[in-house]
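Two complexes come next, and they have one chain in common, chain A, joined by chain B in the first and chain C in the second.
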Partner chain A sequence: MGKFLNAALGIVIALFIGALIMLAQGYDPLASYAALFQFSLGSPYALATTLKNAVPLVLTGLSAAIAFASGPVNLGQPGQLIMGALAATVGGLYLDLPPWLMIPVLALLAMAGGALWSGLAALLRQAFQMSEFIVTLMLNIIADYFALWVITGPLKDATAYSPMTPPIARSGWLPEFGDWNSAIFWMLAAVALMWFLYNRTRAGYEWRMGGQNSLFARLGGCPVNRNFVLVMLLTGALAGLAGGLLIMGGPHRFLRGLGANYAWDGVMIAIVANNSIIGTLFYGLFFSAIQTGALGMELITDVPSEIALVLQGVLVLVIVASREALHKVADRLAVRRRAADAAKNERAVAQEIERG
Partner chain B sequence: MTDHPSPLAPDLIRMRAIVKVYPPNVLALDDVTVSFDDGEIHALVGENGAGKSTLMKVLYGLIHQDGGEILYQDRSVRFRTPGEAIAAGIGMVHQEIVLVNEYTVWENIVLGAEPVDWLGRIDETRSRQQVQAIIDQFHFDLDPDAQVDDISVAARQKVEILKLLYRKVSVLILDEPTAVLTPQEIPQLFAELRELRDEGHTIIFISHRLEEVLALSDRVTVLRKGRLVATVPAAGTTRAELAELMVGREVLFTSRRTPQEPGEVVFAVAGLRYEDGRGRVRLKDVTLQVRAGELVGVAGVEGNGQFELVNAITGLLKPTAGTIEVAGEDVTAAPVLERRRHIAYVPQDRGRMGGSLPASVVENAIMTHHRLNAELVRWRGLLLDNGAARRFTDRLAEAFAVSMPSRSSPLRSLSGGNQQKVILGRELLLDSPFILLDQPTRGLDVGSIEYVHDQMLAMRGAGRALLMISANLEEIFMLADRIVVLHRGEIVADVPVEQASIEQIGRYMLEGNDATL
Partner chain C sequence: MNVVTGLINGAISGATPILLAALGGAYTFYAGVFNIAMEGMLLMAAFCAVWGSFTFGSWVAGVLLAIAGSLVLALIFIFFAVFLDTDEFVTGIALNIFTLGATTYLLRQSFGVKGVYAGPGIDPIPSLNFPLVAQIPVVGPILSGQNLMVYVAVLATIASAFLVFRTRFGLRLRAAGYNAASLDSSGVPSNRLRAYSLLLCGVLCGLGGAFLSLGYVNLFSENMSAGRGWISLAAIILVSGNPWGVAIISLLFGFADVLGLLLQSYQVPSQFTAMTPYIATLIALYFYARRQRKERDYADA
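And now, the complex of A and B:
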């Protein structure tokens, strides 16, 4: 209940602040918001686009949420996404299997690419006690430039004018059903699977407990080191899958600057969702709606699409701040109730005594 | 209901109907009314969690009451910070001594209130003179030029008191001042406190050592579970009467065990040694056995190797030398889970080691069982059986009389006693032959303590081997078959309880092998 209140309150306040900013700049906020939601949710095509754009946000968000809730500070989603995309691209360039086999194989390659990158950080942590926090951040930069080298060097499309690979085999393209790209189903399946893994399996229980109190989990007999590695591999695979689906569902080739901001948005979404899996899906869709709608809004109003970034920033701050504030308010109410109860008992006892 | 103080009553401080709630629902002080006279030594007694320290922190401005008011010199006051309290003449010495070790005694005393010359430089001559003057005035035996590093704990405590006297404080609150002292140092502190009272200071003295309270104070206020029980004159009150007020019924400081012949050795450590990262020896050749149906109590002043011994047994630290055997299996180098097949463990810190406060009661209840109890999992241990986990929790809650809002409430929402029951129940239901308990009753109310003790004795009766670490000698004497004393990482005594006296064990705790009997 509190969560919904928090989300609803946060979104309303963020939209209100966004409206004030637009007003201050001389735009009409109501018309702008109408356009924004028209182009993100207002038609089946808009909705399908919003959902498709949500795929990398939700998957990297899931990666961050599961990592943070289980303990490991995996901030390597950008690098893992790139490595996953690269692995899927390489597979798509050199393999040619029938689609029913090709698509799962490329998805698996993408997950393996992401897991390789997060696994490296996990290995360094296990072997040398290097903090995964800094290692994953550094690996992001390495992945970035490694990908740049690959698409300007060995895999450069000789016919193109900017750095990119040739397109992958057609059998690896994700099928579209009308406006609906099948990447959406991969995303929904991943959310459902992760929810099940996290809430219904023994491993998920241990990850949760380890994330809340690792000493308790360790003393309780949970294999905390193994769980650390498993969570790193799993969350790397999720970010890698985001990269793979980006290639297979979109441009079908690795372009320079691919997925530049998705992964950081994913980390932000996990924080806003307080590492909840369902919350990550919800906020991922909402962020995607704002980003998608902003592009449409720019077409028919004078408001620049960058307003989406402002809205996102305000939303993050408002929701995180109001979460803390709601806790405080709840605590204070509880205190007042308890104090009132005590006073009431006191009066009752006093009256008893007076009556004899 | 309200008693009207006579106009002549020399109340210096009157705390009226003080209520303090710790969120979400712990009622730490429930309508406490107490007054402190000018120039008296007033003891505040009660068990852990009775609200003594909370009440004093409210007075001192460290925390704020949710109800009630404080009258000081007949004016209503509300100190927002300890600084305001000190400025008004009320100071508190906490249990932990906080001094700058590298500074001298006088430097520590003037720190923060230094006399300065016109350039703002500290006037050393004047500082030293002022400090010396206070030391002389109250006949404290202290060298103002000694470095704090080099002086005893008792002397450091005097420095803390002098810091307040230097700031012209007339009301001194002392939180368990004798807890850090050796028995030999206590009389001197008391003499100095009496001297202070005779000079017109008011002293509020928090303690749970009843003999000391009766020896030192003029009046005694007893708190129980956050409520005022009584304020009585110390003269003419006996220790047993005080204990009864504190606990709410007559208490017997006697053994609660029934005689029982112990069985075979279940738990054995031999030659256990541990050196920390800096090469200091924390455990020195510790050898110890516990038999089936036997409860061994480990006594010792905190920080004498208890922490390391417990962590070596649970596997959190790797001993430098020695072996640990449970149920015939050498677990010295075994992973935690392997140990937990034979060891039930009730840690001293519920929120940090015993459970996860934000997790539900169910999630807390099934820890370790989720690995050892096949009933709780399906599909070869891949899936948790949530239905079985709920049934298990219900069984635990019923068997151990846990009172909770619901199974799915966070552990945090339970009272301390009920949290401990969840943890204790979880561990005892493991059916391990060996049970390790580290301060199992710390911070619990009296009823819960008795409950935990009953469960421990039942386990002893069922033939389990129990090892209990406790800072409370009375608890050890009440429950244990054998008492082991740890002093500087070494076992300096291992005696059957029938042959031990509290005084003798106390000497071992303080003086180790040098204790003369």
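And now, the complex of A and C:
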């Protein structure tokens, strides 16, 4: 109950602050929000676009949420997404298999690309005790430049004006059913699988224990180091899959700046979802609705679509604050109740003594 | 000016924003705040500096607004992490994300451009020339003619070292991080010192951000802090916050920057040379972890 209250409260306050910002700059907030949700949820086509745009957000969000909940501070989703996208692109350029084989192979390549990059951070942690927190951040920037080199150098499309690779083989394109891109099914399947893995299997239980109390997990006999590496590889693979689906479902080639749009979204979504898997799906969809609708809003009411970034930032701050504030209020109520109980007990004891 | 002088000057320019941000972060490090908002503060300051310099036609206004912008973030951090007691890590990440969005939005809103603004109306921070000093052979061209903010960074290093190790404020600051409970029980609220340390961090990151957009270059581009706040965090961790150590590490990162430029003249693709500061950070972390491990082994034996 508290979770829903917190989410509803956070979203309302964030939208309200956004409205104040728009008002201060002379825009009509109500018309803007109406346009925003009209263009993200108002029609089957809009909804399909929102769902498709949610795929990288939800997958990188899952990656961050599972990592944070299990202990490893994997902030490397942007880099892992890029390496996954790059791996899928290379596969799509040099392989040509029938579609039923090609698509799973490219998805696996993407996951391997992401896992390679997070695995590098895990290796540095295991071998040299280098904190994965700063290592993953540095690897993000290194992956970014590496991808830029690949698409301006070895894999550049000679016919294009700006750096990009040629399109991948047709058999690697994700099928579309009307407006609905099948990347959406990959996303839903990943969420379901991760929910099951995390809540219904022993491995998931061990990871959760490791995240909540690593000493308890160690004393209980969990292989803490192995779990660390496994979680890093899994979360890297999820972010890599996000990159692969982005290539296979969207522009079908690696364009310059591909990863930049999703840089911090995964971490942000995991934070507001408090690392819950269902919450990640919900906020991923919500963030996608804001981002998708913002472009339509710009057409109708001239509000720059970058307001979506401000709304997201405000939402993160508000939800984090309201979560703590609710905790504090709940704590204070609990303390007061306990104090009242204690006072009642004390009175009862005193009466007993008086009576002898 | 010969090549070596040029290299050293390049390293000093590259080091200055990292040094200023890291000095700010050092105060919060000593006060026991896990502050990762330097990245956001630098970015906000860089934007405000360009906006102020453009709007009022003076770099002084730019620097003042940069400090103000960075201080606003520091105040939000204080409100959340010190007053509401939210998780410092989450708050810092949220602030960085918020700043990235806000500066991108403001860039579009104020200048009507996406990506980069480099108009002619931006008044840069001047360089200082000392005619007599410049005459000194060898070191003259290094000591004289640097950007004003470089001298500010040097003064800030000396002032920080003095403040942290030689004053009552510094003692209390370190006590807040070392043992907050005993500081509280001696009648000095440790939360107040945490708040002060964040304000100092805001001011220093404001100066660093202003140098980034009005000194190092004369423009604002989206996400132009480009990980410097994270590098400054690494610098702080490597030397446990010591201002002199922070200065040396920042210079090393500055040299990594220049090394990248040098490699470019040997036909190494620019995308690889641009990675050097980040790879240097990884190497520095390796040596830090190795030293930590040795100390632990020594303590265990």
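Methods note: the second predicted complex is superposed on the first by the 338 of 356 C-alpha atoms of A that agree within 3 Å, B and C clash if a C-alpha of one lies under 4 Å from a C-alpha of the other, contacts with A are read in each partner's own complex, and residues count from 1 in each chain.
The working rule: a contact is a pair of C-beta atoms (placed from the backbone, for glycine too) under 8 Å apart; a residue touches a chain by one contact, two chains touch by 3 or more.
On a predicted model such as this, the values are computed, not experimentally measured, just so you know.
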Kindly classify A:37 by the partners it touches after superposition: chain B alone (first), chain C alone (second), both, or neither?
neither
State whether A:180 touches chain B only (first), chain C only (second), both chains, or neither.
neither
Examine A:213 and indicate which partner it touches, taking first as chain B and second as chain C; both and neither are also allowed.
first
Using the touch definition from the top, say if A:195 reaches chain B (first), chain C (second), both or neither.
neither
Look at A:222 in the shared chain and tell me whether it touches chain B only, chain C only, both, or neither; answer first, second, both or neither.
first
In the overlay, answer first, second, both or neither for which of chain B and chain C A:152 touches.
second
Under the stated contact criterion, what part of chain C meets chain A in this complex?
76, 80, 84-87, 90-91, 93-102, 104-105, 108-109, 223, 226-227, 230, 233-234, 237, 269, 271-272, 274-275, 278-279, 281-282, 285-286, 289-290, 292-293
Where on chain A does chain C make contact in their complex?
25, 124, 128-131, 134-135, 137-138, 141-142, 145-146, 148-149, 152-153, 260, 263-264, 267-268, 271, 304, 306-314, 316-317, 320-321, 323-325, 328
Going by the contact rule set out above, which residues of chain B touch chain A in the complex?
1, 17, 19, 21, 23-25, 27, 30-31, 66-67, 314, 316, 335-337, 340, 345, 347, 351-359, 363, 366-368, 370-372, 377, 381-384, 386
Flag every residue of chain A that touches chain B in the complex, lowest number first.
200-206, 208-209, 212-213, 215-223, 330-332, 334-336, 338-339, 342-343, 346, 350, 353-354
